[in-house]
Amino acid sequence: MKQFIVRRVGYSLLSLFLLSVTIFLFVRVTGDPTTLLVEPGASPEDIENMRHQFGLDQPLWVQYWLFATSFVTGDLGQSFYYRTPVLELYFQRLPNSLQLAAVAMVLSLLIGIPSGILAAVRVGGFWDSAGKTFSLLGLSLPQFWVGLVLILFFSVYLGWLPSSGSGGILHLLMPAFTLGWYFAAAHMRLTRSSMLEVLDSEYVKLARLKGLPEALVIGKHALKNALIPVITLAGINLVVMINVAVVVETVFAWPGIGRLLYEGITFRDFPVVQCVVVLGGSMIIVVNLLVDILYAYIDPRIRLES
Amino acid sequence: MTPRSSSTTRRSVLALSAAAMTGLAARAAGAAPQDELRIASHVSLAPTWFDPAETPGIITPFMLLYAMHDAVMKGMPGNPMAPCLAERCTMAPDDLSYAFALRKGVRFHNGEEMTAEDVKFSLERYRGAASKSLKERVARVDIHDPHRLTIHLHNPWPDFLTYYAGATGAGWIVPKKYVEKVGEDGFKKAPVGAGPYRFVSFTPGVELVLEAFEGYWRKKPAIRRLIFKVIPDEATRLAALQGKEVDIAYSIRGELASELLRTPGLSLNPAVSSAPFWLYFPEQWDSQSPWHDRRVRQATSLALDRDTINQALTMGHSRLTGSVFPENFEFYWQPPKPAYDPDGARKLLAEAGHQRGFDAGEYYCDASYANIGEVVLNNLREVGIRVKLRPLERAAFFKAYAEKKLKNIVQGASGAMGNCATRAEAFVAKGGVYAYGSYPEIDALFAEQAVQTDRAKRTAILHRLQQLVQEKAIYAPIWQLAFLSGVGPRVGQSGFGLIDGFAYTAPYEDLTLKGQG
Amino acid sequence: MTVTTTPLAAAAASPAARTLKLWRLEGFPLIPVLILLLIAFVAVFADFLAPYDPQIGSLARRFRPPAWEAGGSMAHLLGTDHVGRDVLSRLIFGARVSMVVGLTAVLVAGGIGTLLGILSGYLGGWVDQVIMRVTDAWLALPALTFAIFLAAIVGPSELNIIVILGGVYWTRYARVVRGEVLSLKQREFVRLAVVAGCSKWLIMRRHILPNVLNSAIVLATLMLGVVIVTEASLSFLGVGVPPPKPAWGLMMADGKKGLMVGYWWLTVFPGICIMLMVLSANLLGDWLRVKLDPQLRQL
């Protein structure tokens, strides 16, 4: 087991290294931040001056070396645009993203699990289709559109909820719902299939044979076991949500990480992009690693296979 | 808690049915306190914009500079170069020095008095756009007493004030003692200036809070607090304005702008920017290309229905132009008004051998202005010029433009500061960053004006140069874009359009809320 | 869950026989399939069905409402957009763009992913390591971020969007297929083939590929929706299918502003189209998943 974990951690570090090189090169070949920080037509000296300030006049490998060495010491550089250490920016935004993802996940599970259970218990029936359709709708409509419709109805027409920005729980409701709905379908599906599997298992059959009421069988015996994979998926998706909310964050002006990254890309703010991608990537890689180890712990065969 | 108007019964029923919710929401979504103005910005605010020394060559930072800082001279209502921190500026007869007499009793936000030392310090500290040209030309700064100083130049430089007191940040004054005490980074975290509003707090990507500076020399600002909120999406900005969450929303375009006109209480405030938009033909120097023929380029210009495009996209507020030079620039030559003549365009195309029109390849543009490209495309197609739209993401577009990788048609724009000579250097003359080729006559004129010290003669040369740019149809200019913003019902004086060519609201000390003086 | 393994015979049977078999299975999602067929029909015959050129409009006729609204006319059944183009014609041609973009992107992603998944799973060793590390790194980059980057490098065009979406989404195939291959490797018929002296390539082609196709097909139907919606999000962020091409996602992103102003038809109609297509593809996919491959999870 120990050897397995060491190996997996090694692989993860390798993936992280690949990711950092990829992002480092990508962000550099796709645009020049100086052309965005000065108007087109500004004097060439100004541009050269700026390139020098940012260290962009150095050869690529030198830039990468500087980036990698300072990364190891925990220094991710200064944002070109904000002239602030990027870590500071990142940790300013991270709590917002966590909040959004947490509430979105709760809403997503509130939609996904009940509709998954209904669909499993009433296979082929009305509730099966209704639950499935509602969950799938979240997947079928672009988030920017759902968001705007919500804003129009709840902020402009009714005036109940603030359209944008951060603050209290009221600011969170619409963005979290928009984000959560999109993920609901995945949770519904997994609940449904794992529920079906559990309902087919020996001990549920046994419980039924004993004449326990159906509601008890489903609610207590089946659900408890069926939810384990769903919770695992939810864990992974929570991390994914933190990192992919850019559309929702843009529509609702929610100051999260997705938005920071998107702005970083549009301004070619190299340090910001590198920081967000590498840290976000680490998060995802770590979660995948944990899941792998967890499964290896549960099922020793996996250890041997890889 | 501000009661919301409930005009329809259905709405009040709905509201009643969720009374608890409404109670909560009225506080969250409700209007700002009586003495607070909230501005929704379309771009993320950068702390470098708090520091005049860092002013890059774009206009956006001035949105904040006008609030937190003040300049020796700056654009004010009715005067593009109004004396502010200086009471007078006199140019020596030999054109080699400028003497400034500073206003007495001006204080920074931290209570220190502004002196000639600060002015000198600010100029020397300046490292933003054009800092190199400024520093190369300024010989020295002499301080005579705390309120009088002279800036000496190496050679006569007619554009000095354009740079110093115009669009660069060099003439915007920061307190020397304070900067030296807190350091460069400290200054960006807690900037101190001599402007009407002082810094309270800043959360990157979220909001900036400013408070009125009672001791501002010009007048006491009427509104106690200013809050700049960043709302990147246009539709959300409008929704926030409609929901009274903000009072001013920058950049509301196209059909959203028409909603401003339709919603009672809201108003549309246009400000014409000094950024001309144009179509450029990078292949005009290639004799194999259809664009080599001047008639084809002229036909392109004639095909543009600028008026209708203007109505559709900017509610008619943009200024149509026949020039790629902004009309408020020095040495500007006024070209004839651009005409819309599709028949004439077809005729020119036929003469050039394209009776049935031609496939003109691709039309490159910055994706954020693809809406212009979309309608221009229609116009071109009507006369037989068939192009494919290729919107590129902004950074990629300017990279490709500057690296001269674009072909066929390029839709460009520039809001860079300077004058007609600097503009020509980048876009027309040989070797210019955005010039894909040049014409010898124009290059000759450009070289000639660069060494001409006589102002009248130089003007004449630059006029001739601009005339040639027009005659050769190097570009097909479109317009100077109007920047449209929305203003909510609480605002009295919104400050839009007070300063010529300035897109944002200013001067901030003049803004009022309704019910204020 | 009665069927736990896919019989080899079913995979090897002719497609027609397979389809017939599926028909007879219960719970066949008839309506979703009909909707998909209708969209495909419209896409193929767009040139004959559309009343106008979808890319040309006139500003004078902009924002006409649908025929049944006040101010609408039969000339433009579903109204006109912000450039005065006919919405119905754009929807019809949009079906083509969305179908082509969606299907090809899924095909590209499926092709790359299945190939790498098989190689990685069957060959194992360093090949497996390299492919899986790259997959992990790829997965760690949020799809949308990656798409924005690619769009910035290659510039947005229909073809590039396909490349981008394919280049982003292959990882899911690679992982699923690799997992399948790992378990197939242990199965009797593969072992027999090895003993019989078949080459690695032959085994991969003859024995592995047909058996992972089911999963790949299921995944493809589910990915179709993801791809279509991502395409719309890219348009919202300004790096999608370039205007004036009529793509549904682009129409929604463009019409979004109109929604604020009451021009609801600009987004609602393409919205319905996207919704129907994605919903149908997903319902079909869900059904296929249960029928073809009950073990498959976490999709």
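Letters are used for the chains, namely A, B and C, taken in the order the chains are written, and counting of residues starts over at 1 for each.
Keep this in mind: a residue touches a chain if its C-beta (ideal position, glycine included) is under 8 Å from a C-beta of that chain, and two chains touch if they have at least 3 such contacts.
Worth saying up front: this structure is predicted, and the values here are computed from it rather than measured.
Visitor: By CA centroid distance, what chain is farthest from chain B?
Guide: C
Visitor: Go through A-C and A-B and name the pair with more C-beta contacts between its chains.
Guide: A-B
Visitor: Taking each chain's centre as the mean of its CA atoms, how far is chain B from chain C in angstrom?
Guide: Distance between chain centres, rounded to whole Å: 43 Å.
Visitor: Measuring from the mean C-alpha position of chain A to the mean C-alpha position of chain C, what distance in angstrom results?
Guide: 21
Visitor: Calculate how many whole Å lie between the centre of chain A and the centre of chain B, each centre taken as the average of the chain's C-alpha atoms.
Guide: 37
Visitor: What parts of chain A, by residue number, touch at least two of the other chains?
Guide: Where chain A meets two or more other chains at a single residue, that happens at 30-31, 148, 152, 156, 250.
Visitor: I need the residues of chain B touching at least two other chains; which ones are they?
Guide: Within chain B, residues 235, 239, 393, 395-396 contact more than one other chain.
Visitor: Would you pick out the residues of chain C that each touch at least 2 other chains?
Guide: 148, 152-153, 256, 259-260
Visitor: Give every residue of chain B touching chain C within the complex, in rising order.
Guide: Answer in residue numbers: 234-235, 238-239, 254-256, 258-259, 262, 305, 308-309, 311-312, 367-368, 370-371, 373-375, 377-378, 381, 389-393, 395-396.
Visitor: Touching chain B in the complex: which residues of chain A?
Guide: 30-33, 35-46, 49-50, 81-84, 89, 92-93, 148, 151-152, 155-156, 158-168, 170-171, 250-253, 255, 259-260, 263, 266-268
Visitor: Hey, which residues of chain A end up touching chain C in the complex?
Guide: Touch residues, chain A against chain C: 11-12, 14-16, 18-19, 22-23, 26-27, 29-31, 124, 132-133, 136-137, 139-145, 148-149, 152, 156, 185-186, 189-190, 193-194, 196-197, 200, 229, 233, 240, 243-244, 246-247, 250, 258, 261-262, 265, 277, 280-282, 284-285, 288, 305.
Visitor: What residues on chain C touch chain B, complex-wise?
Guide: 56-60, 62-63, 82-84, 148, 151-153, 155-157, 238-239, 242-244, 256-261, 263
Visitor: List the residues on chain B that touch chain A in their complex, please.
Guide: Those in contact with chain A are residues 4, 11, 14-15, 18, 21-22, 24-26, 28-29, 44, 46-48, 54, 56-59, 127, 129-133, 188, 203-207, 229-233, 235-236, 239-240, 242-243, 245, 393-396, 398-399, 401-402, 412-418, 422-423, 426-427, 433-434.
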